[in-house]
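What follows is subunit A paired twice: with subunit B in the first complex and subunit C in the second.
Showing the complex of A and B:
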């Protein structure tokens, strides 16, 4: 038994070592740095202890940081809602047969294999004023001026569209896998009982899909809360603060302005907020699932 | 590309000529380091491409030392270089030091003292290479004692470019005079600049041409716009050193600074009011896009970095305005030129950079050889032609450079004769943090979310907070 345990630990040890080195050590280091004032551009570039949690106190009153969090949450809610709706519809469509279905599925999946920074570049090339085709088309055929360098609303929604384009296929594929694995008995019973399609969808499909939905929502929620690359490429966080999501804000504070201490505190606080949001969401969904059972 | 190939061929001839002279020395000096791979990171500019694609190959042929130069975007270059030097990881053997960041690097002791390094190891001193051959631009890379920490590889000024073909059109001249009551000519004052911009925007539209009155480097999410304002527009209005009081490190007027003063507000108003006359891509344009827009013939005039001026004026493969480019000093407010000439101010940015060796480099001696190779007189002319940069005094007189100078409407002559009117960035060790504090306000002013007055009031407060935070105001 002891020998079996030893073998187990031996086999697990590389993973544990990597997790500790790549996950826990940096986390605790960031946690530690977050308690100090530290900017290597300062007259005194060393770590300065400025009272326990002074960075955190400062962040509570930092409007720009708080606005970036609100912007990130708003962005996540909007993109998640659209991606879930679209993804579910597409997954349901892909369950049925139609001509060129395989071709459609392959093409639809393509955005998933593209790196976020490339997605940002593609959208930039398509949408940049004066040179990209989209502003021309919108102006010439619909009389609509697209200039997200000037218009904060457009910039925000352009990022939403980009994220939806990039990640809806992931939602579709995951939900499709879930839908394909659902047992057929409840559907047959419902049909015998005279339920219509909407009732079947609402009372059978959705409840049975809750575990899959939880997984999709969590993965996409966490991903969208930490969006950086695509935004960096497309708008750089502008115009003004319009697309300065928390990830971008932290990057600018840490790597442009070199506020290592404050930036670390921001990271920890944002991680905490992300965990709280996920936990609340998880609790609500699990509770609802239990009630419906 | 053709130009780079030409430069390559020309360089081969130059190096052949060098063979009788210093080539043998480099071969001998490089022998102990044969097989070494030097890693470098720099901004992807025309001069950087020449270094990576031409000089590095020649150096490898001579010495057997391979130079892998990673020419990347401006943001990535800083990100990679600084992270490497902070972590002391030794990934890079040489890094690009932009003139405005050198005070930060020196303050943080990132760089090897090249003067000292060569003095303590005379066997590494290449014959025929002298730091005295450089223009005064090398002074930016010296410490208080005069020791050199970076070997300049590019230096250029930001000039006023205009389309001669448009300004010389008879119908344009007549229409301009009818509308404004004076003759059409390249701008020497801000009012004239604005009139030109407005006029050509309408004129081009009437003629069915895809062109506008002026460039604006106005990206609303990239520091390029802050740089255009602080380093080009503001100084030409007489606002120097970002409006920071250099004794007290305060920038708001109420504390003795100038960043939200009359000159600054006039400058930002002038600049943001040019936007209706700029190509639609202006709000997503950094220095690269401004160069490309002008080269595509999409602007009648503009402030353009000199590294782009030469190719815009001469490279028909990349530029649609070859033969039609005029080069002048940018317009200035009354008194600014006099102040600049007396050394009490400047009219714009003397930009450029150097290659330096981080302390963390694992191949310092081989890199010393590479940096001296870069500093040799023999290939400066070809480099100047390929990249519009000049770092050596003698390069101006080179026949090849003079020929290009003629094609480029005297850009090199202008740089030689008026370079002293320009200046590098102010000596702020907190450069990145300070600029980062100002950025969002400039973006907001450009996007129309704030008035120029509001933006500058906010910017000076943010900058003062940073300078106080970092301990400079004490």
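Showing the complex of A and C:
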């Protein structure tokens, strides 16, 4: 008979092996390659060392890369604020009863399970010039020309709209679950004290919802920082660099130009930025937890 | 007071109707496109529904019967099903170990598995591609462009989520029940079969469904790590983008078919899926 802990480790071992081989090993590998010049299509296709951290020194002055990071952060903040506002309002409205509520909620759940690449296809079919109804409707009724294949500003906002369409349901449903789980006592005492709806919302609902809100922000931020699929399908990162988010930029550098060394350094910086944002949010979460104790 | 309430009700219903239209309109248009010939799609968009006799079935038969997309579909089914099965079994074992044994550092192991979920896949494209095609090698066999490679790889993303979902449920099963069974001489396998699996059944179902969904929907890694033999439906969908003069009808048909399993799940077990997707978030 095995000792108790040995059995535990035995049960855990397949999970650990898979996560080490496909999670940890790639990380150290990319860290290693990031210190070399490596282009398999070049005259000399081997790893070459040209000075300590040369790729990183190059990246600090690589405007396209830095802009792609800035673009990703801007995109994440914009979509997050829209989705949070909209999702919170919708979640609040779902607390009251109105006709056809469960039908509306079911339809609202729909985008949640659709693959990002399919969402990209749906929006492509819906908005592309010469096929989609949206450019026609905008043109005929509002005199507005939608052609995000040429207009950089429109392309960016088209991706924002697509992301809001896709992920607001997640925010709504998560916040709704949080709202339904709130204790009722504070509301009753507030009503006895004569507080109005607005006061109840700002002084009771929001503070009590902060833990749930932080988790939603956390999950959505991580997801939108790594957006690739739907953008690739809809605009391919264009026009120009208008929708070239960091993930797409790395993909292009690595698999189109075959800059393996530089691409690795980019991956590490990208990972680093994501972890820093993660860590800041996590500290906020922990700090709040301590305040409440 | 009463009229005010009625007004809010009407307003809310109106708002949600509008929202429902915004949600459904693009999907409705995709379905329309999948039923039409290229000539019918030319010119001003026609939003009226297509009659059943007039459906252009060639959009579906061309990729799925004459074309390569039936292989893609088959690959997707194999990869997603095997991944869901593997993840569920491994996650059950791991969660049980994390929940019942006092393993040194089990908290950090739990946290570490979580970080795997958070990492952006694009950062791991290159190392995974190189590892799959050159390093993980057994004779002539590499993991590149194999279904096994994808099945194992998706575990990295699905296991953390699965462990997270199952942890709460298995922690909720009283330890005394296990101990009573051990006193009666049951081994680990019996404990799983008679106690853990029956009691955690809903959680296990949600876990495997969500794992299936993730594997079915994943695109970026599948498109990088496969070339011919293990391509899945999402990678096939992206192949429409690069060609000049896209056949929109066929593209819509493929998109529609690749959406079907998700829709089926949603209608069958909507409450559980939503609970599963939001469960962890609310608990934290």
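The working rule: the second predicted complex is superposed on the first by the 278 of 293 C-alpha atoms of A that agree within 3 Å, B and C clash if a C-alpha of one lies under 4 Å from a C-alpha of the other, contacts with A are read in each partner's own complex, and residues count from 1 in each chain.
The criterion applied here is as follows: a residue touches a chain if its C-beta (ideal position, glycine included) is under 8 Å from a C-beta of that chain, and two chains touch if they have at least 3 such contacts.
All of these numbers come straight from a predicted model, not from anything done at the bench.
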*asked:* According to the stated criteria, A:27 is in contact with first (subunit B), second (subunit C), both, or neither; which is it?
replied: second
*First (subunit B), second (subunit C), both or neither: which does A:93 touch?*
second
*Thinking of the overlay built on chain A, is A:255 touched by subunit B (first), by subunit C (second), by both, or by neither?*
both
*Could you tell me if A:7 is touching subunit B, subunit C, both of them or neither one (first, second, both, neither)?*
second
*Compare subunit B and subunit C by how many residues of subunit A each one touches, and report the one with more.*
C
*Who does A:236 touch here: subunit B (first), subunit C (second), both, or neither?*
both
*Touching A:152, do we find subunit B (first), subunit C (second), both, or neither?*
first
*Looking at the overlay, what does A:43 touch: subunit B (first), subunit C (second), both, or neither?*
first
*asked:* Is A:131 touching anything from subunit B or subunit C once the two structures are fitted on A? First, second, both or neither.
replied: both
*Where subunit A meets both subunit C and subunit B, residue numbers*: 124, 131, 236, 255
*Which of the residues in subunit A come into contact with subunit B in the complex?*
39-45, 64, 124, 128-131, 135, 147, 149-152, 235-244, 252-253, 255-259
*asked:* Could you list, by residue number, the parts of subunit C that touch subunit A in their complex?
replied: 8-9, 12-13, 15-17, 19-20, 22-27, 29-30, 33, 41, 44-45, 47, 90-91, 93-94, 96-98, 100-103, 109, 112-113, 116, 118-131, 135-136, 152-153, 155-156, 159, 163, 188, 213, 216-220, 224, 234, 237-238, 240-241, 248, 251-252, 255, 258-259, 262-263, 265-266, 270, 273-275, 277-279, 281-282, 284
*Contact set on subunit B toward subunit A in their complex*: 79, 82, 86, 104, 107-108, 218-223, 279-284, 293, 298, 429-433, 435-437, 440, 443-444, 446-450, 466, 469-472, 474
*Could you please specify the touching residues of subunit A with respect to subunit C in the complex?*
4-5, 7-9, 11-12, 14-16, 18-19, 21-23, 25-27, 29-30, 33, 90, 93, 96, 98-101, 103-104, 106-118, 121-126, 131-133, 136, 165, 170, 173-174, 177-178, 181, 211-212, 215-216, 219, 222, 225-226, 228-229, 232-233, 236, 246-248, 250-251, 254-255, 260, 263-264, 267-268, 270-271, 274, 278
